[in-house]
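Two complexes are shown next, each including chain A; its partner changes from chain B in the first to chain C in the second.
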Partner chain A sequence: MTNITKFAQRLGNIPPLVNAIFTLWIPAVWISCLLAMVIFADLLPLYDPFESDFTALKVRGSPEFWLGTDVLGRDIFSRIIYGSRTSLTVGFFAPVCGMLIGLFLGIVSGYYRGRLESLVVGLIDIILAFPNIVLAMCILFFAGASIVNLIIVLSITSIPANTRIARASTLTYAKRDFVLAARAQGASHLRILWREILPNIILPQMAYILSFMSIIIMIEGSLAFLGVGVPPPTPTLGGMIAQGFPDINTDPHITFLPALFLFLTVLSLNLIGDQLRSRVAVRESAI
Partner chain B sequence: MLKYIRRKLIHLIPITFAVTALSFFFVDMLPGDVADAIAGVGTDNSVIDEAAIEEIRKDLGLNRPVIVRYFSWLAGVFTGEFGKSYQTGQLVSEAIAIRLPVTLQLLIMAQFLAVLFAIPAGIITAYKAGKFTDKCITTITFAFLAAPSFIIAIILAFLFAVTLNWFPATGYIPFSEDPLGNLRSFTLPSLALALIEWPILSRVLRNDLIETLQQDYILMAKAKGLSNFYILMRHALRPSSFTLITVIGIQLGNLISGAVIVESIFALPGVGTLLVNSIHSREILMVQGIIVIMAIAYVIINLVVDILYGVLDPRVRE
Partner chain C sequence: MAGLLLEVVSLVTSLATKSGKLNAVDEVSFKIDRGQSFGIVGESGSGKSVLSRTIIRVHAENRIVSTKGEIIFEGRNLLSLPEKEMRKIRGREIAMVFQNPMSSLNPVKKIGEQIVEVLIQKLGLSRTDSRYRAIELMNSMGIAESEKQLSNYPMNLSGGMRQRIAIAIAMAPEPKLLIADEPTTALDVTIQGQILNLLQEQTNKFNTAIILISHNLGVISRYTDRVAVMYSGQFVEESATAELMKNPMMPYTSALMRSVPDLTSPPHTKLRAIDGMPPSLLETPQGCRFQERCQGVRDKCFSEMPEIILNGGDHRYRCWYPLEN
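On to the complex of A and B.
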């Protein structure tokens, strides 16, 4: 047996602890650090993200500017932190709103079935027919791009998947004996939904929320990149990437550093979400 | 089978209706209409000539009730009359028709590449489930799932167009002029789209294939002494590809979103760039036309996917 196959075999049997370090703890630390920096950005000794230093345009990383400066001589590190603030704000509130609406639609349609269910399924089909970025772009451009509008638009795009998950898990619980027992004791539908079904499906539903966060952060980045996200001078990761793109052959760091931050954040959210999901979620084929 | 198709078609009618209504009202209810745009409102704070705006509204029929306008617009949708651009006077249907082949070629090439990557990856990861190869490929799919399309497009442009200079970074060459140049100009954009699409397809195929490989008839085939390759290809792949086909249909929406971004990065003159430009120049009729065409295309393709599903798997026909 060659060394390589031996090595491969050893890698194939990664002990669970080592596995958890890479797929759970490192991503969790990354997200926590980013979160802390984003929340306390105003207190940290960062450069002003709006202030241009015209003596230092497109500087590479140095002790003075950690990650360098952009086309207008603004500190990239500080802009990344403030840009992540926009991304994470939208990436937190939009999935939460989408989850609440989806949870409601999913429970109600999965419990009452019949006409109501067809109506909800139809509604989902309709939302899905509009490509998410296209839908968001149109609404944002005409309604004005602000963080609030961004949150509203992106929570709409996360309704279909949330509804499907909630509906699938409601369907499995609605037929269980404890629901029947509650009915037999004379519990009202509302009480069954609130006390019997919701507590059972809320945890699996929450397990998906990190995945939705990562998707929404990606969409927010794409919108900002296309110039329809939160308008400048507010820093956004997508906006920074778009601004650096024309100079990509001479100063790739202006484009790639924010892209790397965005990538690592989304990757971390995906990894943590996947770990969470594999522990509590419903079977994916049931959706 | 015919009954199944008919049921699907009946389901299509309310959806199409709702989709067209939404495309219309979304754009219509938002502040600022065509008349404002023509009169130049919103571009600067110059004097707003109310009388002139009223005149334009009357000209375009914008003073009619919204329901009446919707039905006249809907009638136009079914006859291919979406109105015309107020800036250039070009017909919306004509502008879309010129750009549609570009987007279609992009989508087809991207889908082809994505399936080309996803099927071998799905088969290998399912066959080697839990082993080193599986873990490697699964890790790679994870990385690609975390990369938004515009970042992948930028990296591809940087690597293959700027640094290595193998493919053009921007520009579009019609197929009729230079078939090879056309394929070259489409390589990077379609690759960028395929790279965001294949991990999803590969993971779906892997899950289904693992389930299939545990079936008794696979054990039977092994007992007969058939080779692993033959079993995977002839016995396991087909019954495992149902979800894959559905997901390809569902993912189309994402692919279209991705196409909008990729087209604008690589400067391909497709429907996506037209949409971005129209939004920026407030071409409301153009935006409505493009959205409704995209939405109807999505609905129809998913109908085709559903029917295909019924052909492949007789059980869903009930």
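On to the complex of A and C.
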């Protein structure tokens, strides 16, 4: 007991700068490097992610193949970069689409209330009644798996949380005096939504979205692992993990390296999201 | 100078609450001339704020409200005006200053942006012109380093400063009527005087009529020409401020005056609060609404509601047995 308390005390005394380095700057650098590599992947001296080298199957890290090769002799580093491209594309667009729709539904239902609100809340409850992955699998199974379909499906799954957050913050802000003051100045409802309420709720929503991106990337990985994600040979992190899985006893690097990338990326997004959220919260509390 | 600006005729504002419908404003009538300052005093829940918000038809939290009576502003009945027309009057001709400057400015928008927005929207100025005008306005509100303040957020300013900004925003279009709903209640006493002086100065400058709502008789007596005392949704007494302070006719008014601490009384004098609570608006008693707390109550007070009557000049009160002074 005392040991735990001591440990907690020591944790509590981390200097702010060190804290900021580990929870904001390192993750930010990781995400930026990954983003840069993903965007400029075609210009980098990488191996073709689709090309097999049958003289070098399941190689571990070597000067030639930095992170080794997979079962089919394809360069793992190159596949991780191209796989991250798929994961990040889905992980960016799905939450952003979901946020836009959710923001709209949330603001409108939280501001106008009444029947519209009941309808939106009911709709959200219905979407939430389906388990995320099962819903995504069903839709992808019938609509066919492609990046676009994946984005659509995953944005649907991110609508409920976004709507709830937007609605909750709209409810609190709509009651504040500055909304009343704006109306007393003759502002229309539309103007109030756009100029008074939206600027207040957009920042927390964006901070939330960063954490949500990591969830979407995980779901995308899970779907790929389950075989309903983007079809092979397009590399995805989840797909690579799935493909290396049978050889996990003999060649663990084929599974673990993409898993490590996925882990670090998701962790970084979460940390940055948390930091942003706490910074926004500080500004809010000063009001 | 003179001339009728606003006439409220037997206004009734009903709110729908969970436990039933109540009349937050009950048969209220009064007139305000151009440039006049009209005070409304009453305790919490007496309907002061609802009355002021009924005039500009902006109510908090979409409470379902039905209104009866007339609010004639420059010949137009505001209660029957379409919402679109009403929007043009709000801010431009009737402006409002709220009680709490901590929450009446948008926390995420810069001060400059909030003033400039109103100037562009209400006066049709260009962006550069409205920036100059904003600085000018802030200077006349007694805000130091106003140019620097433009890029500040409300949270960087003190309560008094924020209320000055709110007044600047309200007075920018030079409205004909300013409704100040307890503008100094959230501020500390030293700032209160400054803000009230500023309000007086500004309204005098543009010949703007002001409805000053307060629960502080001291404030009302100093800054208004006429005053109405509100109790339980009704006006119970109304007259020129000096006359009311000298000759209160309704026992409630005099009780209110007695419950203000007096600096000349000896130390440890007990404050004479009014006993009891105002009646619930959901089940108002038959007869006078002040019956339970009145010291001069008689049988008639329990059976019949006194009408608000005119006594000679323009001193109106609602009481069967007015005080003899």
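Going forward, the second predicted complex is superposed on the first by the 268 of 287 C-alpha atoms of A that agree within 3 Å, B and C clash if a C-alpha of one lies under 4 Å from a C-alpha of the other, contacts with A are read in each partner's own complex, and residues count from 1 in each chain.
Criterion: a residue touches a chain if its C-beta (ideal position, glycine included) is under 8 Å from a C-beta of that chain, and two chains touch if they have at least 3 such contacts.
Predicted, not measured: the structure shown is a model, and the values here were computed from it.
Colleague: Just from the overlay, do chain B and chain C fit on chain A, or is there a clash?
Modeller: Superposition check on chain A shows chain B and chain C fit without a clash.
Colleague: If you stack the two complexes on chain A, which partner ends up touching A:195: first (chain B), second (chain C), both, or neither?
Modeller: It touches chain C, and chain B stays clear.
Colleague: Among the partners chain B and chain C, which is in contact with a greater number of residues of chain A?
Modeller: Touching more residues of chain A than the other partner does is B.
Colleague: Taking the superposed arrangement, what is the smallest distance in Å from a C-alpha atom of chain B to one of chain C?
Modeller: Superposed on chain A, the two chains' closest C-alpha atoms are separated by 12 Å.
Colleague: Can you pull the chain A residues that chain B and chain C both touch?
Modeller: Looking at chain A, the two contact sets intersect at 284.
Colleague: In the complex of these two chains, what residues of chain A are touching chain B?
Modeller: Interface residues on the chain A side: 8-9, 11-12, 14, 122, 125-126, 128-135, 137-139, 141-143, 214, 218-219, 221-222, 225-228, 238, 241, 245, 248-249, 252, 255-256, 259, 262-263, 266-267, 270-271, 274, 284-285.
Colleague: Quick check on the complex: what are the chain C residues that touch chain A?
Modeller: 56, 58, 60-62, 87-92, 95-96, 98-100, 102-109, 117-118, 121-122, 154-155, 166, 169-170
Colleague: Going by the contact rule set out above, which residues of chain A touch chain C in the complex?
Modeller: So the residues of chain A in touch with chain C come to 113, 174-178, 180-188, 195-196, 199-200, 203, 283-284, 286-287.
Colleague: Where on chain B does chain A make contact in their complex?
Modeller: By the definition above, chain B touches chain A via 14-15, 18-19, 22-23, 26-27, 30-32, 130-132, 135, 142-143, 145-151, 154-155, 157-158, 162, 207, 243, 250, 253-254, 256-258, 260-261, 264-265, 275-276, 279-280, 287, 291, 294-296, 298-299.
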